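Next, two complexes with subunit A in common: one pairs it with subunit B, the other with subunit C.
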Partner chain A sequence: MKISCLQENLAKGLSIIGRAVANRSTLPVLSNVLLATDNDRLMLTANNLEIGINCWVNAKIEEEGAVTVPARLLTEFVNSLPPERIDLALDEPTQTINLRCAHFEANLKGIDAQEFPRVPSLDAGGEIINLEPAALKQLIHQVTFAAAVEESRPVLTGIRAEFQHDRLAMSGTDGFRLSTKNIPLAHSIDEPFEVIIPARALAELSRIIADQEEPVQIAVTPAQNQILFHLNNIDFVSQLIEGRFPDVSQIIPKGHNTHTVLDTASFLKAARVSYLFARDAANIVKVDVTPGEDELVGGRLLLTATSQELGDNISELEANVQGDGVEIAFNAKYLIDVLNVLDSAQVALETSAPASPGIIKGVGDDTFLHVIMPMHLSR
Partner chain B sequence: MPIQVLPADIAAKIAAGEVIERPASVVKELIENAIDAGARTIRLEVEAGGKRLVKITDDGRGIAANEVPLAFARHATSKLSTIEDLFQVKTLGFRGEALASIAAVSRLTFITRPEQQVAGTLIRLEGGAQQTLAPTGAPVGTGVTVENLFFNVPARLKFLKADATETGHIHRVVSHYAMAFPEIGFSLRSNGRQIFQTDGSGKLYDVLVTLWNLDTAKQLVPVSGRTESGLTVDGFAGNPGLHRGRRDQIIFFVNRRWIQDRALGQAVAQAYHTFLPVGRNPVAVLNIQLDPAEVDVNVHPTKAEVKFKDPRAVFAAVQRPVRQAVLQESPLVRPAQPWATGPSPQAARFGLDMQRPLPTETAFERQETPAADDQRMPPMRVVGQIQQMYVIAEGPDGLYLVDQHAAHERILYEQMMARQAQAAVAGQRLLSPALLELSPAQAALLEAEQDTLRAVGFEIEPFGGRSYRLLALPRILGHTDPVAAFLGVLEEMLEGAVPLARQTHEKIAVIVCKRAAVKGGQTLSQEEMKELIYSLEKCRNPRTCPHGRPTMLHMSAYQLAREFGRH
Partner chain C sequence: MIVRIVFHIDLDAFYAAVETLQDPSLAGKPLIIGGDPRRRGVVASANYAARAFGVRSAMTTARALRRCPQAVVIPPRHSLYRQVSARVMALLGEYSPVMEQSSIDEAFLDMTGQLPAPAAAPETARQLQQEIQTRLGLSASVGIGSNKLIAKMAGKADKPGGVTCVAPGAEAEFLAPMPVRALGGIGPKTAQKLAEIGVKTIGDIARLPEEDLSRMLGANGLLIWQFAHGLDARPVQTRRRARSISREITFAHDVYDAALPAETLKKMSRKLAHRLQKRDLTARTVTLKLRYDDFSTVTRSITQATATNSPADIDRRARFLLAKYRNQARPIRLIGLSVSRFVKGVFQPPLF
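Now for the complex of A and B:
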């Protein structure tokens, strides 16, 4: 193996796949990066067995071959090189690569490429679905935060992705709140299906999508155990989670008694202020909704947080209230989380009773819906 | 069979059986006589677990020659003359049954000489029948030799246990008297081998060093308390680092009489609430001194149980000083001194290097102990984490190793108890109620404790039969599987894994906090560690987790310097 490439290209490629390098693995080769010639390009691969990334970099191939070298050392070395041409050559018998760039030279000891678990490419999959990258990014942003972080219920650390005929709906829940959102598919599919994708993997994917403009191509491996996202020069593969996701349609309340509309930014700000006090008191923030008396006096929403040790805080917000007044308590953290991802200027809060779920939607956006369960104090 | 009056010897054997159950009962009765006779030293020899031989020699007052035969008559005693005396009993024995009972079931030789007489008296009885009565040369005091116990009651003999077991019972009896009467020197020999010997120095501490060992004794804290009604409690209690699997090392004396009392044992165990590991019991030796009129010792033939006129007052009087002593004594170190004033006396304490001044007062002499229900920590600086389990921190006096799980448990527990006091424990509702199918035992427990479970944040509703729906769970359990968490709490409650918790809500709180606390094996960020230590500093009892395991180990600056050879 003997190749040349530009320092900027190699550094960028390494930073993209760096997310999939295993940090502390019992399998030493997983903390390496695979360098392999692929036609007239260099393919970089990292795989931590949960997610795997292939990234292709333009290079001049003089002699084909493949090797793995420690990812961290290679990345940090390449990052400190000047933006010039890098010549890379592998000494097969010792599995050592020699790098030269300007007046720098290094020899890195590697591990045989045969030991590295390859990441499947798009052509291995079934039906290919196209998605707008910006929409996918937004979709991931609005649902992954609601997924569970702890591993005690593995299914809830995943996001359910339902590929319907012409839409992709994603839902995330940690058992106390639920976020769902759907986006249109570029073209409809024949066979609807659904999978559970680890929320962590989606978050990584979202970072990689960044400024890509071409559609993202998605496919599920025939064995239904991996999902593959194809981007410009990048393959992103994630394991799927097996199990039964909670029935989302049953969780979403069918009706409500109070419909409260208020300014998203003000609500978020008030929630953040409440949290300063609530975080010392089990995160509880009390939401008090009062309908307006007549045309002139509008409704209002009071946010109250009380800490026995620190003191208390009350924020008053103007609101358009339809229906009865209500008093309900929420986890302030949950309120902040959902208000953070809303992109509508106005937010609607729908409630029925102090012990019944609340619904949060962006006004004018019927593709997003968030259910949040109330808290109670033992009295 | 027609009704008939039992022959005297059968009646005597039946009566003897009530008092004399086994060799240890013989030992007990004879020791009590010796003590009541004002002995300064009491020597015991047993063979074959006391079955073959029990020999006791004292240097007490002895019995005058003319009274000796009377001593073996049933209900003959020098300790009581009117019925009123019975309610003011100050001596150990008083029924006048002991000697007669022992004599009835053994071959007994009795040699005694009061100081005023030049010669002693020897009397020998077999099965209660007098064989010999003659003057003899003897030292001042009394010697009793009981041989072939139960030789004439084969039924009883059959039920005696192995020699080792019977020796163990004897050992226990003698130990108890040695503790209750530290001013008397006791010695016990078994099959010619010395078991122990106390020096009669009058100090309970010395006795305990002899009976247990120096290491154990070093872990004892003096206990002393007094109520307005004049009841006093004195003795020693182990620090929380000293615990036993069984409860038989919580030893009580009432007016120096060894007694068994479950309620009092409970009082002491509860004083260690949250300080001892699950299923372990403390060690304590306590003498309760009260007006004899306040206690009835005449409820049990062997006097092992007593009846207090006001058991609740005694319970409180015992628990309070023990709790005080325990709180003063944290498992390892207690920065009682102001931290800025240089090396403290505690500086040298680490593990077994604790240098506790040995108590110099007489055994049960009391000393004032300041009330301490608060043992906050000094401010500490986080250094790092090791083994994903312990946080290393630096305090004003050296190095601290903090167990992250135990520390977090303590923090959550105190927070939850504070919130419970304000009725402000937060429950978080579940998106979809979880269906539970409970066992009959679980269902019964749930029904009984529904309110308490609700008070910590669980909400459960019946769903027909033994099915229930879990609607909400404590917020601090939010990161766990709700069903697993709830069933886990129920299971632990069923197992009674928190024996020291006074009330069910404390018990549930302990279990919930255990489940909610950060586990070992989790890497903590610098911020998380800081928060943990900061919260721990705010705790009232930061040094143990609610189960009683220590939350931290301390290595003082002095200890570090010494280990590195700088001193």
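Now for the complex of A and C:
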């Protein structure tokens, strides 16, 4: 193998595949990056067996070939090089690559490319579904934060993706809150199906979609154990999580006694301020909703956070309240998380009782819905 | 070496005494503090009038009432007992800064250096007893010895209301006639093993060579041998407010399989959850400790945003840690589980 490419292109490619490199693996080759010539381009691959990424980089191919080298070392070395041409040559017998750029030269010891688990490309999959990249990013953004980070229930670290006839609905829950959102598919599909995708993989996908404008192509492998996303010059593959996802329709409350509408930005700001105090007191923030008395005196929502040691904080917000007043306590972090991802100017809080789940949604947006279980105060 | 002077203070029939203070008309009547006999309640405590009929702690209330039908049964009011206990402990703290509360109604005081002369110990103990009686209306028994073991055993020798002092040097002699079961660390199984070789009293144990006892009882052998000679080096420890609750166990044999550790964690989770619930606490962090046959030890923890005190939650987190971090290549010698990062009085209930 003998190739040359620009430092900027190689550095960018390495940063895209970087998160798919295994950190500590029992399989040493997984800490490496696969460099392989592919027609007139260089393909970089990383695979930690949870996610795998192929990324193609423009290069001048003089001799075809493939090798794997330590990803971290290669990335750090390439990042320190000047933005010039890099010449890369593999010495087959020793599996060592020689890199030259300006007055720098390095030899990196590699492992045979045969040992590297390849990342499948889109043609390995079944039916291909097209999604608008900005909508997919928004979908991921509004759902993944509610998934469990490192849970003993692995299924909750995943996002349920339901491919319906003409929509894709995603749901994430850590057992205490639930976020669900759907977006339209570019064209309808014949056979609806659902899979559970690791939330971490989706967050990573969102990062590498960046500002791509072409549709993202999606397919599930015939064995139903991997999902493939094809972007510009990039394949992204994630393992799927096996198991039964909680029944979302059972979790979403059917009705409410109080419907409170308020300004999203003001609510978020007040929640952030209350968190300064709440974080010292198990994150509890009390929400006190009072309906308006008449046309002149409108409704309001009080946010209260009290820390035994630090003091307390009250924020009063104007609100349009329909129904009864209510006092309910939430984890301030959960409120901030959901208000952070809402893109509607006004937010609706629907509650029925202090111990029953509350719903948060954007006014005028019926594709997004968030459910939070309130906190219980023993005294 | 300085001879230590340790007091053990034990409040007599504490729960019953507190209830009698609340309602003096109960004085002298057989009194049982315990759960509802119709709901399989058990006796938490009984006064001496009831004990005279054979009522004992931990027997079912129904059985206690068969032995003493005329007894008055009062359901336990733990928060009240805790309040009164806190007052007693505060009073004890005036006698020595080195105090260890070992239960709601028992405490050790290290009186070394707190007395005008070692010989003044019994007199000081009686003064302390008198003060508990006049200031709080409670009767206490006091044991005095050169270590915690002896102080506690001495206290038991004359209840209620006694002061018993075991002179330094007389420890082994004091223990010798007592049955082996009286010694902390000897349960029914060990007692039976000992009985099989004709060892019935603590004195019998003391006459055995230490090696024989260790061979028979394993790691505990040395400790029991020392106890039998009246030796106990454990310091009186002033306890800070616990920041974690933990349990651990050394397996009798190094464990290779997966079932036993999982089962052990399940039991520990239940106990830890119970202790959290009793203190109205929830915990955010669960920590697993593993020691392998080569004594290498790892601790791994998981912290979540939501605190819990449910046995199932703790167990699930513990087994998650076990599955993720256990070194399959080595057998496990010891397993431990702890919960920490407490949150008081609040609870995030699950959505489903």
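By definition in this document, the second predicted complex is superposed on the first by the 378 of 379 C-alpha atoms of A that agree within 3 Å, B and C clash if a C-alpha of one lies under 4 Å from a C-alpha of the other, contacts with A are read in each partner's own complex, and residues count from 1 in each chain.
Rule of thumb we're sticking to: a residue touches a chain if its C-beta (ideal position, glycine included) is under 8 Å from a C-beta of that chain, and two chains touch if they have at least 3 such contacts.
As the structure is a prediction and not an experimental result, all values here were calculated from the model.
**Student:** Looking at the combined model built on subunit A, do subunit B and subunit C fit side by side or clash?
**Tutor:** Because the two structures are overlaid on the shared chain, the partners are seen to clash.
**Student:** Which partner does A:I251 contact after superposing on A: first (subunit B), second (subunit C), both, neither?
**Tutor:** A:I251: touches subunit B and subunit C.
**Student:** In the superposed arrangement, which partner chain does A:P120 touch: subunit B (first), subunit C (second), both, or neither?
**Tutor:** A:P120: touches no partner chain.
**Student:** For A:V371, is the partner it touches subunit B (first), subunit C (second), both, or none of the two (neither)?
**Tutor:** After superposing on A, A:V371 lies in contact with both subunit B and subunit C.
**Student:** Counting only touches as set out at the top, which of subunit B and subunit C does A:G18 meet: first, second, both, neither?
**Tutor:** In the superposed model, A:G18 contacts neither subunit B nor subunit C.
**Student:** Pick one for A:G65: touches subunit B only (first), subunit C only (second), both, or neither.
**Tutor:** neither
**Student:** Have a look at where A:G323 lands relative to subunit B and subunit C in the superposition and call it first, second, both or neither.
**Tutor:** neither
**Student:** Given the touch rule stated above, what does A:P215 touch, subunit B (first), subunit C (second), both, or neither?
**Tutor:** neither
**Student:** By the touch definition above, which subunit A residues appear in both interfaces, subunit B in one complex and subunit C in the other?
**Tutor:** Comparing the two interfaces on subunit A, one with subunit B and one with subunit C, the shared residues are 149-150, 152-153, 173-178, 246, 250-251, 281-284, 331, 355, 357, 371, 373-379.
**Student:** Where on subunit A is subunit C touching in the complex?
**Tutor:** Listed in rising order, the residues of subunit A that touch subunit C are 149-153, 173-178, 246, 250-251, 281-284, 331, 333, 355, 357, 371-379.
**Student:** Could you please specify the touching residues of subunit C with respect to subunit A in the complex?
**Tutor:** The contact residues of subunit C facing subunit A are 280, 302, 304-307, 316-317, 319-320, 343, 345-352.
**Student:** Under the touch definition given earlier, write down the residues of subunit B that touch subunit A in their complex.
**Tutor:** Within the complex, subunit B contacts subunit A at residues 418-420, 422-432, 454-457, 459, 471-472, 475-476, 478-482, 484.
**Student:** List the residues on subunit A that touch subunit B in their complex, please.
**Tutor:** Per the touch definition, subunit A meets subunit B at residues 148-150, 152-153, 173-178, 246-247, 250-251, 281-284, 308, 331, 355, 357, 371, 373-379.
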